[in-house]
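In this document, chain identifiers A, B, C and D correspond to the written order of the chains, with residue numbering beginning at 1 in each.
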Amino acid sequence: MSPINYVYLAALLFTIGAAGVLIRRNAIVVFMCIELMLNAANLTLVAFSRMHGNLDGQIMAFFVMVVAAAEVVVGLAIIVMLYRSRHSASVDDASLMKL
Amino acid sequence: MIGLLVGVPLLGAAVLLLGGRRLDRSGHWLATLLAAVSFVIGAVLFASMLGEDAESRAMHSKLFSWVPVEGFQADMAFQLDQLSMTFVLLITGVGTLIHLYSVGYMEHDPKRRRFFAYLNLFLAAMLLLVLADNFLLLYVGWEGVGLASYLLIGFWQHKPSAATAAKKAFLVNRVGDAGLAIAIFLMFTTFGTFAFAPVLSAAGEASEGKLTAIGLMLLLAACGKSAQVPLQSWLGDAMEGPTPVSALIHAATMVTAGVYLITRSGAIFNGAPDAQLVVVIVGAVTLLFGAIVGCAKDDIKKALAGSTMSQIGYMILAAGLGPIGYAFAIMHLVTHGFFKAGLFLGAGSVMHGMNDEVDMRRYGGLRKHMPVTFVTFGLGYLAIIGFPGLSGFFSKDQIIEAAFGKGGTEGWILGAVTLLGAAITAYYMTRVMLMTFFGEERWRKAPTPSPAEPDVEPAAETRGAYAPPHPHESPKIMTIPMIVLAFGSVFAGGLFKAGESFVGWLEPVTQFEHGHSPVSATAVTAATIVALVLGVGAAYLQYGRKPVPALAPRGSLLTRAARRDLLQDDFNHVVLVSGGTHLTRSLVYVDNKVVDGAVNGTAASFGGLSGRLRRLQNGFARSYAVSMFGGAAVLIAATLLMRAV
Amino acid sequence: MSFPLLTVTAALPAVGAVATAAVPAARRTAAKWLALLVSLATLVLAAVVLIRFDPDGARYQLTESHAWISDFGVRYELGVDGIGAALMALTALLIPFVIGAGWHDADDADDRADEQANRRWRPTQGFFALILAVEAMVLVSFAATDVFLFYIFFEAMLIPMYFLIGGFGDRAHAAGEEEGAKQRSYAAVKFLLYNLAGGLVMLAAVIGLFVVSADSLGQGTFSLPELLKARASGDLTMATSTERWLFLGFFVAFAIKAPLWPLHTWLPNAMGESTAPVAVLITAVVDKVGTFAMLRFCLGLFPEASSWATPVVLGLALVSVLYGALLAVGQRDIKRLVAYASISHFGFIILGVFAMTSQGQGGATLYMVFHGISTAALMLVAGFLISRRGSRLIADYGGVQKVAPVLAGTFLIGGLATLSLPGLAPFVSEFLVLVGTFERYPVAGIIATVGIILAALYVLVLYQRTMTGPIRRPEIEKMPDLKVREVAVVAPLVALLLFLGVFPKPLTEIVNPAVEHTLSDVQKKDPKPQHPVAEHAGSDDKPAGHGGGDHE
Amino acid sequence: MTGMIDVASAGGAPGVHSLWTVAAGAGDKLQAPSIEYGKLSPTLIVLGAAALGVLIDAFAPRRARYGAQLFVALVGLAAAFAAVIGLAASGAGTTEAQIAGMGALAVDGPALFLQGTLLLVGIVGVFTFAERKLEPSAHGSRVDSFAAQPASVPGGEGETQAVKAGWTTTEVFPLLMFAVGGMLLFPAANDLLTLFIALEVFSLPLYLLCALARRRRLLSQEAAVKYFLLGAFSSAFLLFGTALLYGYAGTVSYSGIARVVSGTDAISDPVLAQTAGNDALLLIGGALVVMGLLFKVGAVPFHMWTPDVYQGAPTPVTGFMAAATKVAAFGALLRLLYVVLPGLRWDWRPVMWGVAILTMLAGAIVAITQTDIKRLLAYSSIAHAGFLLAGVIATSKDGISSVLFYLGAYSFVTLGAFAVVTLVRDAGGEATHLSKWAGLGRRSPLLAAVFAVFLLAFAGIPLTSGFAGKFAVFKAAAEGGAGVLVVIGVLASAIAAFFYLRVIVLMFFSEPQADGPSVAVPSVMTTSAIAIGVVVTVVLGVAPQYFLDLAGQAGVFVR
């Protein structure tokens, strides 16, 4: 089966992730959706890497995983902090600043 | 030398104004002295002029180049020819006399120093007007006298009526000045200059249309300054000024400037018959207008003002007749200068004795109390009505003759009008004479408050117990000038008439020619005398025989109209004043609401837009994400679209 | 490279400003004297400029040129033609009077503030420093022959003006202290935004000019002489539409500054709210930059577009003349009245500029100078009057002439100058403008002539209502006449008005050549008088003449 | 669709095969990459200092940390700056410009210019971070504007403990250093991978820094959350775009992609030929990457995080972020558009036009009605992003150098302005509500005057750096045929002028409030930060020529 289909799958995943970010309230879930988008990108990279027959894409995928991990560290720290001060992880509750 | 003529009184004005209080005691004498000096200078120049032969009498003197701008060359330069000379003598002569008179008249006025400063200022401006050798410089004098008259009419500024009258005079004059300005523009575009000599010599070459335009504009100016219809309305109010001012400025000199202007630019009018016709018409209309107004006024000064208007009407009419009339216009101007000044001074003297009462219905039988005044005034009276042998007779007779001399129906009409005018003049002057000096002494009774006369001096009513005035003759310093002027009004005419001396004298400037009158001179004279008799008789019947009512009777429609200057002010008020007020009011509104509103509106609209856009920033991270997502979508779509097209 | 006279002339007040601002709060009077001396020294330098200027010499004299921002093609280029020199002189001349008149305007503004603030907040020093700063910037913009340099100072001068307007108002405000402050800052913001907007439009045009010049000259330049040279030689050509757009960009900015109807509404607010000296600074000095720039830049750089726009501009100018005068008649506030009168006068100036005749433009230049002096005289006296009574409303006065004759007299003279009475300086310029306009556009000339009647109206009405009549109010009973300082401020101005009215020659001689140059830039010649005339030649003007007759 | 499939099947089989063989054959032939340490020294120094900072925080006693951190940070930045100067002097900016780190990083004019600017900004940033005289000293020990114990619950027990103990968050220094390091990489990144990494490297510390405010911690945390989520969201887009571009070109190096885009050399590989034929990949990928960068520069419609984050973050952080992020992001954007996508100019220019116009107008208009000084400056920064975009669109050498100059000028004005904001305080900390600023000019004329200078520079009044920059940018745009953009830009700055004026009016023309804020007397550090701001503003305004030359020489990208 041709690798291009993985690209379509990835696009699908990416869109799902994006949609999740837009509709979910819980910060953690939102964050997970973003991770999903990153991984969609990873999948794309790998797929193209295989199509083009060079390793750049796969190497990049590794980098992205590392970065994602780092992001998780920072992100969770921030979200937990938010949760502790507000007893809620809803991003909509964090709307003191507006206009 | 010529410059001195202007310079001396100007110096006087400057010194008196800047000198401050320390000149309060001596200032008026200084002013009078300087006026006399300028008269002497004038006389000397006159003498030297007589030395020359007729053609080469005109003198020029250029002081410096005034406004030099590429092709527009205005010089500070003077020209003294026979015409100017005539005026110089009149102005300085009468001027000096009136200075003298004012010394007495203004004796108790705290601001006397300033009064004399203004008088000197006026002399300077008036002399500049008649001595200028180009129209722009003339314009300076023209507005200069306007300023002086503004200051003097409004001299008693604490009286609102005076202030208003002054403002009115200046504004109406300004309209005329605009005309003069435009005339100068036209000359400049036509001839590339506005100095007398070149313009007048080249006048023949310009198209008639141009000349007519220039002529009409000059006429407009003349109307303004000489209180001719339709710009006459200011003269009556101008009587708010002290009486010497009325005598000097609003009778003898300034108001005749219009005649000077028209005579001076005769060459232009000669080339523009249409313009001349209009001039004549204006003259004729004003002549009657003024006379009628003069008949209805009870305020002695206003009556005289009306007469001034009408007399100047004569002059303008004469000037409009062209070469056949110029000389007579000037001649009448001079004689009128004498007797009208005399009359005004007389009126002033009467008021002086009647503690500033101006209503003739409160006079009567004053001849016993102030004989000198009575005699001088009487001589002036005889002169103005054209009593045979007195100066008025000669000068006016000449004009009537010239009017007939115009020829054709025009001639007849004009002749008739002038005769009619003569009759009316006789009527209203007799009226003044009788009401003032003859009949019962109405001033002994307390006045009955009169709603009819709104602008009557409040002084009378306000006093609780009425103390009748004690009419007395004025001091020498006032009577002497009156006497001198009386002499003038008696003999000047004959002097000028003798052997056409005056006409001959002016000829080089105004190139005189004889009109071909359909009626003989004697017939005209006879007609004049008849008119005179009729007028006097009518007046005698009305005011000599039966007593004068202390309150003005309601009178006929015409009378009532005449009392209100033939409704001219009402017209002005309705059309100009209230119309203008509404215009300005509405414009102010427009400026605030529309023009400025547009500006503020734009600002406000941005504010509103801002307020609305602000709401998008609703604080929800997810909606921010939406906008990002949408943005990305649009970005992609747009890029693809770009490639597609 | 001789002695940089112009730079020094402009730099002196700038230095003075800094020095004045640095004077400690306690030494208020010292600051005033310092400012006055500096302004007088500047006046001397400006006089030197005027003397050193040779009417028969090159077009731009006393030139200086240094590289500045070569990336933008900007050079520090100074140089004056007759017009510039005259206006520099005017500026330097007026500032001492402004300072003298405003001697106490900025005092005891901080009595309310606490001691702490008293040390830091120094309104007096600030006031005079700002005035000097404005002077410096105005001088540079009159001397700049580099478009960009001019633009920079044209814009920069807004800032000190802004603080002068917003920071220092009349002590007693008709609408009360609080409301007064509000209106003041409104006026200040309006002034700044209005002019800034215009300036930014001009910025776009300036950039456009650079691009155009870069296109056709290889590398862009802002140097006016170079541009004019290139224009004349045809090296620098613009597409008609481009030229028109650029012209508009420049013109709008200048028309706002001038101000021309309908862009005038900021002026009455600004002049009404600011103190009289500042109002003088606005209308007599700063606004002149606008009309000056029209003459120097719009006509010089965009001749074709200028003549294209002339009809519209003349129309607007005429509207300004009449509209300003009529609104002046309708005002109830002395300062606003003067403001609208100024609008009317700026109408005349612009009329003269765009009449494209040597009389018109020469007259316009003289007009700028004389209007500066006459308005200064009128406005400063008005300021003295207002400071005595503490009200700007005409209705609050009447009969002043009785108690303060000198004040009334000078006020009247100022007024007469404003209605350009012959014998006073403004008459010469106004008459020249009218003649110049009439030469080419008779109808316009006649319509404008109506303006002089209206001028008489608003001046005399103002004088009558304030000075004459019976005294109705006790405040006026004990109103003192002019003090020595005030006389010292007004007398020289009056003297100048009289002198220049009789002997304007020195000025005209300096101005004429510059005007001729400008006219040659726009390839315009004075219409020849039809003398000796052929019969039909005059016919075209005949209706105009009659129209005038009907009009009166 | 079908076409795609047989593309894949056609290219698939051999592709698969080749892949295995490569791996099998060359497994042991992996050679170490060659790194030009000299060329990369600035970045390395900063990152090294950052790492050192972490160690210090880990092991040094609490008392010693502040001094040590400050020392390390300043020395590190200064050394890096010196290195940049050295490189520039050795001509690395102009003639010697080259690609370093196996194509990962470019060392050329723009890179060095921006790195220099960033390092200076960093130094000034450190000054403001290290300011300890503004906050009232807690229990005898001086504290800065960062939370004593960020992990603790606001107002909770832990916090009071920490405050009593007088703790301070010295971690901010290494965080700042890491951010600077990432920013140094960002404009120099020469392939999409490095771009992404650099983005994350400087973003993550910023997320954290935003959360560390000592006062108003809820706002601070909220800012952090918003910034983090939206930032991650956008970087996901960027990454996906990267993937697509990789798919299009088969490589992530700028030059490689550019080569394929321009289609200069014939493509032998059939698969590549197929993908390279598919412009959708290229356009969508490019758009997504650009969008990621536009998010960082705060362009409409990706700007909405800006006001909230600027308002919530500790003011020193806001200042640093506002200045540095813009510099780095615009650097990257320039390189991307000029090096990778010049071939697509006609595709992206119109789109960027739209973005620029929207950004200028929206920023200016919304700012009119702001009531919080920090939010106001945030919107102003959006408007300025719009002006900068106008320069970017010029697509000419002048465009590059004008943007560089503008960035230099702008960043210092911003730093100075926010530094002033830190000084105006009342009981509740900084008094950021505009009403509090009323009559500031009466209370402390000098400070007000300084702030006025900054505002005028923002407004682009002549004789300030703001005007020179704006003029440069607009001039470039006009020469690039974007006259309309210039006119709109002019209009926008007219609108913008209004709200800058509002603040000036407030400070000078309105009476001070009774309970108005007091102006804290800062230490030498904030003072010098502000002073530097003023000096740069005036110098670049009055005599910009030297710096324009600098930017002009630096205005060439190496390919």
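Basically, contacts are C-beta pairs under 8 Å (C-beta built on N, C-alpha and C of every residue); 3 or more make two chains touch, one makes a residue touch a chain.
Since this is a predicted model, take the numbers as computed values, not measurements.
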item	value
Two chains joined by the most C-beta pairs in contact, as defined above	B-C
Chain closest to the assembly centre - both centres taken as Cα means	C
Averaged-CA centre spacing for the pair chain D and chain A, given as whole angstrom	23
Centre-to-centre distance between chain B and chain A (centres being mean Cα positions), rounded to whole Å	97
Inter-chain centre distance, chain B versus chain C - centres from mean C-alpha coordinates, in Å	37
Chain centre separation (chain B, chain D; CA means) in Å	81
Chain A residues counted as touching two or more neighbouring chains	18, 21, 30, 91, 94-98
Touching two or more other chains - residues of chain B	603, 614, 617, 619, 621, 625
Residues of chain D whose C-beta touches two or more other chains	225-226, 229, 233, 237, 307-308, 498
Chain-to-chain touches, reported pairwise for every pair that qualifies	A-B, A-D, B-C, B-D, C-D
Chain B-touching residues of chain D, taken from the complex the two chains share	225-226, 229-230, 233-234, 237, 279-280, 283-284, 286-288, 290-291, 295, 300-302, 304-305, 307-308, 346-348, 350-351, 354-355, 362, 365-369, 495, 498
Residue numbers on chain C that touch chain D, as the complex places them	67-72, 110, 113, 116-117, 120-122, 151-153, 155-156, 158-159, 163, 166-167, 181, 184-185, 188-189, 192-193, 196-197, 200-201, 203-204, 207-208, 210-211, 214
Residue ranges of chain D touching chain C (in the complex, touch as defined)	441-446, 456, 459, 461-463, 467-468, 471-472, 474-475, 478-479, 483, 486-487, 490-491, 493-494, 497-498, 501-502, 505, 508-511, 543-545, 548-549, 552
List of chain C residues in touch with chain B within their complex	190, 193-194, 261-262, 264-266, 323, 326-327, 329-331, 358-359, 362-363, 399, 401-402, 409, 416, 421-423, 427-428, 431-432, 434-435, 438-439, 442, 445-446, 449-450, 452-453, 456-457, 460-461, 464, 467-470, 502-505, 508-509, 512, 515-516, 526-539, 541-542, 544-546, 548-549, 552
Contacting residues of chain B [partner chain D, same complex]	603, 606-607, 609-611, 613-614, 616-617, 619, 621, 623-625, 627-628, 630-632, 634-636, 638-640, 642-643
